[in-house]
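Chain nomenclature is as follows: A, B, C and D, assigned in order of appearance, with residue numbering initiated at 1 for each chain independently.
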Amino acid sequence: LSLQPEEIVEQFLNIRRRSEALCAGLAPEDYVVQPTADVSPPKWHLGHTSWFFEELLLVKYQNDYKRYDASFAAVLNSYYKSAGSHWLQSERGHLSRPTVAQIYEYRAHIDRHVAKLLSQNDLHADLVTILEIGLHHEQQHQELLLMDIKVILAANPCMPAYSKSALDCAKPPSIEWSDFDEGVAQVGHDSPAFSFDNERPRHKSYLTHFSVCNGLVSNGEYLEFVNDGGYQKSRHWLSMGWDWHNEHAVKYPLYWFYKDGQWFEFTLHGAAPLDLQAPLCHVSYFEANAYANWRGCRLPTEQELELFLIAETESKNAVGEEVLHPGNSNAPHGQLWCWTQSQYSPYPGYQPYDGMLEEYNGKFMCNQFVLRGGCFATPKGHYRHSYRNFFQPHQRWMFSGIRLARDLS
Amino acid sequence: LSLQPEEIVEQFLNIRRRSEALCAGLAPEDYVVQPTADVSPPKWHLGHTSWFFEELLLVKYQNDYKRYDASFAAVLNSYYKSAGSHWLQSERGHLSRPTVAQIYEYRAHIDRHVAKLLSQNDLHADLVTILEIGLHHEQQHQELLLMDIKVILAANPCMPAYSKSALDCAKPPSIEWSDFDEGVAQVGHDSPAFSFDNERPRHKSYLTHFSVCNGLVSNGEYLEFVNDGGYQKSRHWLSMGWDWHNEHAVKYPLYWFYKDGQWFEFTLHGAAPLDLQAPLCHVSYFEANAYANWRGCRLPTEQELELFLIAETESKNAVGEEVLHPGNSNAPHGQLWCWTQSQYSPYPGYQPYDGMLEEYNGKFMCNQFVLRGGCFATPKGHYRHSYRNFFQPHQRWMFSGIRLARDLS
Amino acid sequence: LSLQPEEIVEQFLNIRRRSEALCAGLAPEDYVVQPTADVSPPKWHLGHTSWFFEELLLVKYQNDYKRYDASFAAVLNSYYKSAGSHWLQSERGHLSRPTVAQIYEYRAHIDRHVAKLLSQNDLHADLVTILEIGLHHEQQHQELLLMDIKVILAANPCMPAYSKSALDCAKPPSIEWSDFDEGVAQVGHDSPAFSFDNERPRHKSYLTHFSVCNGLVSNGEYLEFVNDGGYQKSRHWLSMGWDWHNEHAVKYPLYWFYKDGQWFEFTLHGAAPLDLQAPLCHVSYFEANAYANWRGCRLPTEQELELFLIAETESKNAVGEEVLHPGNSNAPHGQLWCWTQSQYSPYPGYQPYDGMLEEYNGKFMCNQFVLRGGCFATPKGHYRHSYRNFFQPHQRWMFSGIRLARDLS
Amino acid sequence: LSLQPEEIVEQFLNIRRRSEALCAGLAPEDYVVQPTADVSPPKWHLGHTSWFFEELLLVKYQNDYKRYDASFAAVLNSYYKSAGSHWLQSERGHLSRPTVAQIYEYRAHIDRHVAKLLSQNDLHADLVTILEIGLHHEQQHQELLLMDIKVILAANPCMPAYSKSALDCAKPPSIEWSDFDEGVAQVGHDSPAFSFDNERPRHKSYLTHFSVCNGLVSNGEYLEFVNDGGYQKSRHWLSMGWDWHNEHAVKYPLYWFYKDGQWFEFTLHGAAPLDLQAPLCHVSYFEANAYANWRGCRLPTEQELELFLIAETESKNAVGEEVLHPGNSNAPHGQLWCWTQSQYSPYPGYQPYDGMLEEYNGKFMCNQFVLRGGCFATPKGHYRHSYRNFFQPHQRWMFSGIRLARDLS
């Protein structure tokens, strides 16, 4: 961040404004509800990201700063035990207050104070570090906002569209494969540019001879699995996945529905006939793993996918335009987060952040699988190929897809 | 209802407007949330009561009526299986749509059409009957609105007040008792005026020699029970009540809280120091029964309470002013619904309503206890002494209090 | 109990031995398991009834008595809070100790000591009262033993029979009805002979003109309800019953099963083709109520059924032989406990037992329905027409049937 | 297995007899109960391991073999979907049949038939492979038997001892550390001797410079963590672990209890004062991870622990005697399974068994952590250093301990 103060302020405000812009089309009611425990109300996201700056920047670095409202912390703290007790995540939708208007006032207050703080010359390096984390944190919540808004809108029988624009047809995905040699590879982040603590340190890993498919699995390919009775064939499934899909009567990806002899999909552009060429989205690890087994392939490890993504980027132009659905982008990758078979663990020599941010990543390294590659909803400038996203194996409300791998012996 | 059409229309609109007036001070967000499964979002109440008129009056009696929005029924039907499938009650707070504004438009639409329908001369007697039921139904939901809004506001850590006006101190309740002779008594409704089906037929019941206390149990009296360790003495409790209060860590009435050495109570006027003279409110049947046992008394039966309420009304002026908290009324009774020891059962010869309304009362006659007497939140003109309110024994978010009885042998 | 000491001892030992005789054919493993929370392992019943005598008779009336094993009370106390903490009911099947052999040793020890205590002349009246309660308590558990053993055996895929003897065919039930006049009737127990506290005091009740069917509902009659889609027609069901049967996928009575185009029933004589003429057994209140509604009838109140049972006894010979399945008895009644529409409440002027036995009945007067009439499994000498049995409306592992009633206007 | 037929038969029978010997001291009731869902009744273990041989050896390789009892498969199949539907694991304790005696008869039947089958010359290689798997499977269940019997006995308030012999005092564990160099290491099994499919193929892995403690964490060391308030300090805990221990009120290892000012531990030798020098046993991954964090160390990876165990074995005499509690062995390792930070994943190039045994390992590679090193209860001849045991992070009824590691940079 070797920027002038005014550039820093501008960058800060641009990112902050984008969060609000994402919510611009919502009805006030859409900001409030929480149809499932995983989802947070949009007003909570807007408030929480502001609390993050207040707690970590303003309270620490602005002299005599007084918290905007002492009662907000308990509600807007997500899970930082060191920052005091916090509201139960699954009950965020129980709260009617602070109202949406009050949250926007809070945001404006935080923006004014942070902008003022950043306008000073000679910013302390620690402050800049926290600022960067805060901005990447805000961008993570921008992707979460789209994920959560999709659940919120879909929960209504009338299934309102988030975007009024039309949905383009996707081009068929590549069916070519890229091969990689066996040997010691380097993975993880080591440039001075920003990364989260969990991407470091860069380290050596021994990889075998493997191949990764250049294209994501499409809806049409996955429909073959569905039509072949893939959800009824236990041998393809993990034991937990088998129990999960039976208990919850899961028979196809989230947002798919069958009506009058035709498959549809709810998208941020509203309900639409299922585009068989578009990348498959919203599957759990259980489904991704079962599909790969059924195809006689496997999911890649996170190390394999990191190498693949780097190699692919070098050969192609990675710049896409901002879209709201996979397949509506001409980016060569980054359309969907791809499940890997790697459970989320610390890298050798992992050092978590200090202080409250110690809780940012490390404490979640249990019963989660890593996803790699970014997606259409990942804000530009927020993504790196060393980025480790992670979710529990049954979760599927994020923009998750499948990229197949196989061993070359 | 021997009224002129214009009077009928006026009465209809007055009652309808009162529902909206009760919500006038809410923030949009307050209309949407559902902190507990028992509570419904206020926008649901406003929509459901309109659906009731649409489904039972307009669809049936207005020629060529088309439903305002075909997708509303599934969401706004409460529990009428004969009217088609309905949204799960515990998930009403998952819905952001229809929005509050859309619900108000829907109400205006229904009001216009019903008013037009009622403006005709020679209204069919069945139509008038349904209209009356619909208006009493609306008034039941007005009381529910206040109950539910109280939960919704209290769920927020900032505990906003519903009313900005100050709360008056209560006068000490009467400690005198009224005695009744043994013998056959008549209970239930039989006048041509309105009643629900569950209040009929009027019938004979044999009552023993008993006495009922003229005053409701006060907060101060109940605090003696709390301070005497009443919640830790199993012998006063029903078996289910003992398990219930232990499992949920219930140690005092709903809305009480203890802070800095003092007892407070959340009220519709905001948090306030506990008024020891005011009637105790928001206790479950389990607590009411345990308290009565601890006092060496018992709860009255519903027949006993009906006789008591009639006798008391004859001796006093029953007209109170509209208030938002018990003890803030000069009405001799009607301050709180009082738990009876009577489980909710059909009267001998009970005949449920016809058609969809068959589901109005009879199907709930199981595992509920009857409460009698009305409360400060019961709309004027809606109440009769034969009125049978009913709740499950653990519920306490309604305006429930205790009136003691005892045997005279 | 105006008996000689030796007669008292003999009666005590006879009743105690019958409990053991009921278990004589069990495998040791059958004594231990608890397939559902409602069921207790047979070894627990044998131990608990012994603890009852130890705690209430020996500890109190035998000088210097020391408890057989100080660790038994926590395990064998059912629910008497005043007797100290007790093992969770739903986890009785977690215990492998005390073993069956240890329980039988305990029983023998208790029997020797009680017999010795009873051999004295001039027994204290209080002691005799406790003894009588203890013996009726033991007999209640004899019926529970048969109920619970049936569940335990049925839980095994091999469905072993309790009795090796063959099951007789039933005679068709009577389809005549008995009419009763309106007026004040006396119900409840008042003779000096034994009764439980909940049957007293005898008191007046006002009954309307009603009729009760002389015969119990048969399997064939209930099958008509099943075949008519009775379980899919919400209008016949209580709201809680509708939710219950859908949640638990209940589609016919407990122990029925359909195989190779034929209905079967598991009985204590093993699995057998469903006898259409035999009385229907093992239905919940929800099912009984739905069936009565579907037939255009209703369930009787407990007062009505008490009058009916007394009248019927006077006109017929009530003595039956001991059997293990309804319909295999020539007794005019008593084949099955019949659900009444009366929720279990205290009689006017009800006085519970003193001391620990205060917890025997009164604390369960909530969310239970009364059943009347005894059943084939009720020990001889244990039953009176004022006997109030009670269960929760969803329970159906007891020997419960349906007797219809209707209003005569 | 280059053995003569009679040697093979002898080995088979020896292993089979040891399972029965482990149960020799149980009461019949101890064979039946299932106090927690993870535990299986001992009679189920004895039956299941026999079913395994029947299904995989006799049905396939013995001509005209007929299953001993067609109804056993549904009950004794653990989780092999390809072998048909199976009884719910959590309800194994609901079954009183087959009885213990019937299970022993079944075992004898299977033993006779397998012995006869093995007595033939020229055994098919596939048969020998299945036999080996079956014997190692039986040995896995021998360890499970001890784990489960411990839970079963401990569930009884009288806490009976499994072994009547006295418990020896442990020697203090080593506090020295072994260092390992950075580089590519080989892990996994590749000799022709037996291993499970999940230990193969042997492959290269890149390890950093690390150190492992030679001694296991002792009770005394862990008590320091408890006494320092380790269970109340969120920063040491995984997020899921923090929620888990709060929800279940976990405040110390399984089987510890505090009485009269002193710590005790339930062991297979009965309750005993906590031996502070003995290795800590029965902790979850959550606790192991929190302890390591609190000590400023970390848990080893499974690769690190495999290298450590091999190196240690080369330097010391690994032969221990059979014991029933950690610390009662003079073996240098193998006292307890040690938690690793490695989530259970397939090795590169992993190939599961064919047929029904495809379900043996692979389908559990999700949300489990690997434990390494064997324990005092692991049968001799069953263990290899490549052995990968695995459990869910909250489980702790197995013989699990902690061995610390740290980075050397």
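Everything that follows uses one rule, which is that a residue touches a chain if its C-beta (ideal position, glycine included) is under 8 Å from a C-beta of that chain, and two chains touch if they have at least 3 such contacts.
These numbers come from a predicted model, not from an experiment.
Chains that count as touching both chain C and chain D, per the definition above, do not exist in this structure.
Most remote chain with respect to chain D, judged by CA-atom centres, is B.
The centroid of the Cα atoms in chain A and the matching centroid in chain B are 46 Å apart.
Centroids of chain B and chain D (each the mean of its C-alpha atoms) stand 59 Å apart. Averaged C-alpha coordinates give centres for chain B and chain C that are 38 Å from one another.
For chain B, residues touching at least two other chains: there are none. Touching pairs of chains, sorted by label, consist of A-B, A-D, B-C, C-D. Interface of chain B with chain A (complex): residues 27-35, 43, 71, 74-75, 87, 91, 93-100, 152-153, 155-158, 160.
Chain contact summary for the complex, chain C toward chain B: residues 79, 81-82, 184, 203-208, 234-235, 237-242, 285, 341-343, 345-346, 348-349, 358-359, 363-367, 393, 407, 409.
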